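The next part holds the structures, each set out as structure tokens.
After this come two complexes, each holding chain A, first together with chain B and then together with chain C.
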Partner chain A sequence: MKQVNKPNPQYMRKTFFFFLPITGFFLFSISATHAQDGEAIFKQNCSACHKVGGGRLVGPDLAGVTTKRTEEWLMKWTRSSQALIKSGDADAKAIYEEYSSIMMPDQTIPNGDIKAIYTFIAGKSEAATVAAPTVAETPVSASANATPEVIELGKNLFIGSNALSNGGVACIACHNVNYTGVIPGGLLAKDLTTAHSRLGGDAGILGILGAPPFPAMTQAYKGKTITEPEIAALTAFLNKVDKDTANQVASSPYLLLYGGIGGLGGILILIYFLWFARKKETVKKDIYDRQLKSI
Partner chain B sequence: MTNILLFAVLPYAALAIFLVGSIYRYKNRGFSVSSISSQFLEGKKLFWGSQPFHWGLFILFFGHLIAFLFPSAVLAWNGQPVRLLILEIAAFAFGLSALLGLVLLILRRLTNRRVQIVTSKMDIVVYAILLTQIVSGLLVAYHSRWGSSWFSAFLTPYLRSVFVFDPQIDAIASVTSLSLKVHVISAFALIGIIPFTRFVHFLVYPVDYLWRSYQQVIWNWSRKHIRTSRSHSEGHKSKNN
Partner chain C sequence: MDVRSQVSMVFHLDKCIGCHTCSIACKNIWTDRKGAEYMWWNNVETKPGTGYPTKWENQDIYKGGWEKNGDTVSLKGAGKFKGLKNIFHNPHMPVLDDYYEPWTYKYQDLFTAPEGDDQPTARPVSLVTGEHMDVQSGPNWDDDMSGSIDYARQDVNLEKLSAAEREAMFQLERMTLHYLPRICNHCLNPACVGSCPSGALYKRGEDGIVLINQERCRAWRMCVTACPYKKSYYNWNTGKSEKCILCYPRLESGQAPACFHSCVGRIRYLGVLLYDADKIAAAAAAPDDRLVDAQMDIYLDPFDPEVIKQARLNGVADSTITAAQNSPVYKFVKVWKLALPLHPEFRTLPNLFYVPALLPTMATVSDGVYNSTSKSLWNGVESNRLPMKYLASLFSAGDTGKVTEVMKRLMAVRLHRRGVTVGDLNAAEISQALKEVQMEPDTADAIFRLTALATFDERFVIPPAHREESIEMLENTGDVKGNTGFGFKEKPVRGL
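Here is the complex of A and B:
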């Protein structure tokens, strides 16, 4: 009897050898394009907090890091610095504490991309060591000289009464600052009252606002980049907030709770009056009562 | 891996179950698509449970829907701090209202003999998931406040990415607030169990009652005549009610 649906082994082999090179080529080209993009990937994911030669920002200067640490260690740190610290790695803990215990966000980009970044850092480090610039440890803060108008603009951008020109959400949605006249800010992300000094002056804030490295913030500002004048104004405002911490009166954080309870009272009163003429007993109450009595 | 399961697989599983399950139930068990009201059995406690609960849930459901559909409008409204406060306080009040109502409904179901008779296991599941949902929502609103703004900023893009079959879970997975994750996960779980519970009643809510003409019921007999009639076929007014 003839078997109709029997696969033809020769045909399968042929197809397999036909597809193998094509698939292989695509996979190779994907990894090849990634390999070339080390610098771009670095700019997109790392440059908010790191430089390669030229001093520290929020995080350390990465010049020479590829020779100082093994690739395995670097990969663990990049994937999840907190996991590495929790595993008891003394070096990781020391670095974390040296940089004001600001957590580096876990990176979820492919291994190939991370390796491309390492290659880029290694290449750049060689050039950087030749120049070997000595970097001043004190943070440079041009924003300290900002005019009151710029600070006011920064405040308005922060609370949202001046909208960010590219449609990004106002900072107050997720961040709090203690500043007279500013309502309590959001609590989803870090309090920014002392952010200016915590992030090492202007550079840290400029870096983070220029290319937000934290996933939720990246998502919020995707395609809605904050413009340079806006970043400058916000930096000036945060500098002012940080310097004046002691003099600021934070508004009551219980506003939401008290307001909510008051609102609940209002809703209950409204329900009471709107349904005042309702039938207050069940239709068959008398029947049920009588039957319960008879049990 | 857990994040992929919770924020990329669970949403699709829940939506698929909701769609297929609801259609199946409506087609094959049409008469069970109901809130299975127990108002005939107990109405007094039901009123103060059901009213605050349903108004709270109704407003919050549409609040979430608006932030999902028109994020830029919500952000524009929140542009002035006073408007942000009004929105957040009102939303929080409706959240408290839903919580109060739900707690009263749970107490009623647990303590009333008549209602206990008609309580099924799925009703307990419904209450458990609603309680999780409302409590976690209130915790998020309070401890990670100004949710109306950040929902529009980064949760709307996440939800949209789910609906265009390109789930971007980095942002939601990176959130440190446990109550927010619980809120999102239990929301999808709630959608998934709709077809198996009395939740289905929201699909058949008689919205046309809002605009249809009113109907007046007129009894076509004289009450006095019936009271005095000796004829059995005309009936006697019952003496026990």
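Here is the complex of A and C:
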């Protein structure tokens, strides 16, 4: 008779020895990411907005930041800069306002990775000569000289008429821009109409598109990286959108509300006249009224 | 020629005494179910009056029936576009208040009330909500109310009369009324069938009875508004619409419909008319002054060999053709030209015809003395108490000539019979009256006989249904013996 329900001890032991090396490998690989990959992780997650030496991008130059701030403060900021600002930290607030109130995305990477990044930054800061914080430095916009064909290509990539070559989803799925000939885009992520100036010119956009730092965007473009020419075209397009918008008169944000109220009123008035002669009460109303009067 | 058979009806209004026995017979058989209490598949109205549901004839309110649209007709308030526009809320739909809220009394309170200073009473309770209610109106509260402000003077048929004519109608000395019993007309061009978005309504092939398939009805209630006679009713309990079925289970077993069978005044006649279905479209779209004639042209002579041949080719049974030849309806409508359809201007080609009532003529008041007699016992139809314009609005789409002719024929018969039975009239006067309407004394006698002395079998010539034979070819009827009847094969899930 074969026992079906009772676990077989021999089988259990075999399974244990089979999984042991695999489990060990994972444990090892997690701990091994510590220092060696600091640079890679920085490139993946931070380089879109930050440099270590060489001036500011969207965010500040991080050279020397490890000596300027405590590790605890840095960890809090990285986890959630907004939470830190809300907790009343004056430094955090000052930095946020200095950098045009552009929120740094909350990072969800493991603690070890963040530490690895700071280890990398500390190492690099020593080597690099800290550039003078020239706040007035304006980023160079190569995309301003882009040909109309490139801008057109950027537009087509944005709205999805031309597919991204590695199969990434078109920008319009989540983003909106106000631009002639582009239908309203998604509202899942930020409006990109003024992204070019908001992110400090080409560099910010190039960085974000090269290695998307936002969690949702990272997931969306995992293994579907946007190629160099595509990034250039999209940057040129966003630059053009930004410049064109600057010349437009901003519409009232309450247009939809007022328009909706006005439209509803119009429809109600129309209905009132269209169905003025409709049957609104029982045909016996006269009789009922007279009945009541006679009581 | 596309010859088909239609079970048709004649109501002789001169004989109706307004007793509502027909309504009760119908109610007891068909509409005493929950949700159907307010339905009166058969009802009796007083004319002038507003009828049931109130002001049903006023299609400005209810948008029922067809309207002429070039060479064809289109539904007044339903159809593809208009119907779709109103499919979820139909403003022309009669509401329960336009009918009445049905009620019963708490009779048990009369027996179970504790001893007190007052007599126990049976309070009225609504059959819709089950709550106590104040009864505000009923299905026949305009009964005998000629001259009343609320009912008689609201009659839509008075619209074509001048104010003076209307006032004269309701003077005490000449005020009159007659009854108008109504059932479903089982029309040749039924608006209810045309309006149904679900295709649940249909006209039975062998006898033209219009029915609602209770399995297919989806409660859109387009038939309720589309029927200009308001003879389709919505059952709020089952979530399906219902209408008069002309007691087809009784007809199939050779019995007259319950309202016909129970009629005390014996005013009702039922028989087959053969008609040419090819002419329906043209007749329905005929100009107003030709409407009645166009409808009469549809009905065919059942003795014509060509008609018989075509009818046989169309599968009309020989027994049905024989029934058409003996049909009292054929005699009243086609041979004697005494019966007219009710409101032909609705263009549904109704198959219920009315012989108008020969009401008493006008009386005179001299020196303050009311004098009901006049020079001759009957004055001419011109001095009828109800103006011809009023009757024409009811029965001939406003054509007074048509109604006057019918009234003259009826008067000729009455004068002739007075001469035979009493003999106090001048013979020249009688022959003049007969001559004027080109009627032989024999014909007048035949009309008198079918009007006054007709037996049960003369009044109801019901064609054998042959349903049993056709069903038995397909299935063993023994299998379902005792299992069929009015109801549902599957319990409906809609409704309350």
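Operating definition for what follows: the second predicted complex is superposed on the first by the 206 of 295 C-alpha atoms of A that agree within 3 Å, B and C clash if a C-alpha of one lies under 4 Å from a C-alpha of the other, contacts with A are read in each partner's own complex, and residues count from 1 in each chain.
Heads up, the rule we're going with is that a contact is a pair of C-beta atoms (placed from the backbone, for glycine too) under 8 Å apart; a residue touches a chain by one contact, two chains touch by 3 or more.
Bear in mind that the values here come from a model prediction, so they are computed numbers and not experimental data.
Peer 1: Once chain A of both complexes is superposed, is A:T218 in touch with chain B (first), chain C (second), both, or neither?
Peer 2: first
Peer 1: Compare chain B and chain C by how many residues of chain A each one touches, and report the one with more.
Peer 2: The larger set of chain A residues in touch belongs to B.
Peer 1: Could you say whether A:L257 touches chain B, chain C, both of them, or neither, answering first, second, both or neither?
Peer 2: A:L257 contacts chain B only, not chain C.
Peer 1: Please indicate which partner A:Q291 is in contact with in the superposed arrangement: first for chain B, second for chain C, both, or neither.
Peer 2: In the superposed model, A:Q291 contacts chain C only, not chain B.
Peer 1: For A:L187 in the superposed arrangement: first (chain B), second (chain C), both or neither?
Peer 2: First partner only, chain B.
Peer 1: Scan A:A83 for contacts with chain B and chain C and give back first, second, both or neither.
Peer 2: neither
Peer 1: Applying the touch criterion given at the start, work out whether A:A94 contacts chain B, chain C, both or neither, answering first, second, both or neither.
Peer 2: A:A94 contacts neither chain B nor chain C.
Peer 1: Counting only touches as set out at the top, which of chain B and chain C does A:G266 meet: first, second, both, neither?
Peer 2: After superposition on chain A, A:G266 lies in contact with chain B alone.
Peer 1: Identify the residues of chain A that lie in both the chain B contact region and the chain C contact region.
Peer 2: 275, 278-280, 282-284, 286-288, 290
Peer 1: Which bits of chain B are touching chain A when the two form their complex?
Peer 2: Listed in rising order, the residues of chain B that touch chain A are 39-44, 47, 51-52, 55-56, 72, 75-76, 78-81, 84-85, 88-90, 92-97, 100, 114, 141-147, 149-150, 152-154, 157-158, 168, 170-175, 177, 180, 240-241.
Peer 1: Chain A touches which residues of chain C in the complex?
Peer 2: Touching chain A: residues 50, 53-55, 58, 61-62, 91-92, 95, 97-98, 136-137, 149-150, 154 of chain C.
Peer 1: Given the complex with chain C, which residues does chain A contribute to the contact?
Peer 2: Touch residues, chain A against chain C: 275, 278-280, 282-284, 286-288, 290-291.
Peer 1: Using the touch definition up top, name the residues of chain A that touch chain B in the complex.
Peer 2: 105-106, 108, 159-161, 163, 167-170, 172-174, 182-188, 214-220, 222, 255-257, 259-264, 266-268, 271, 275, 278-284, 286-288, 290
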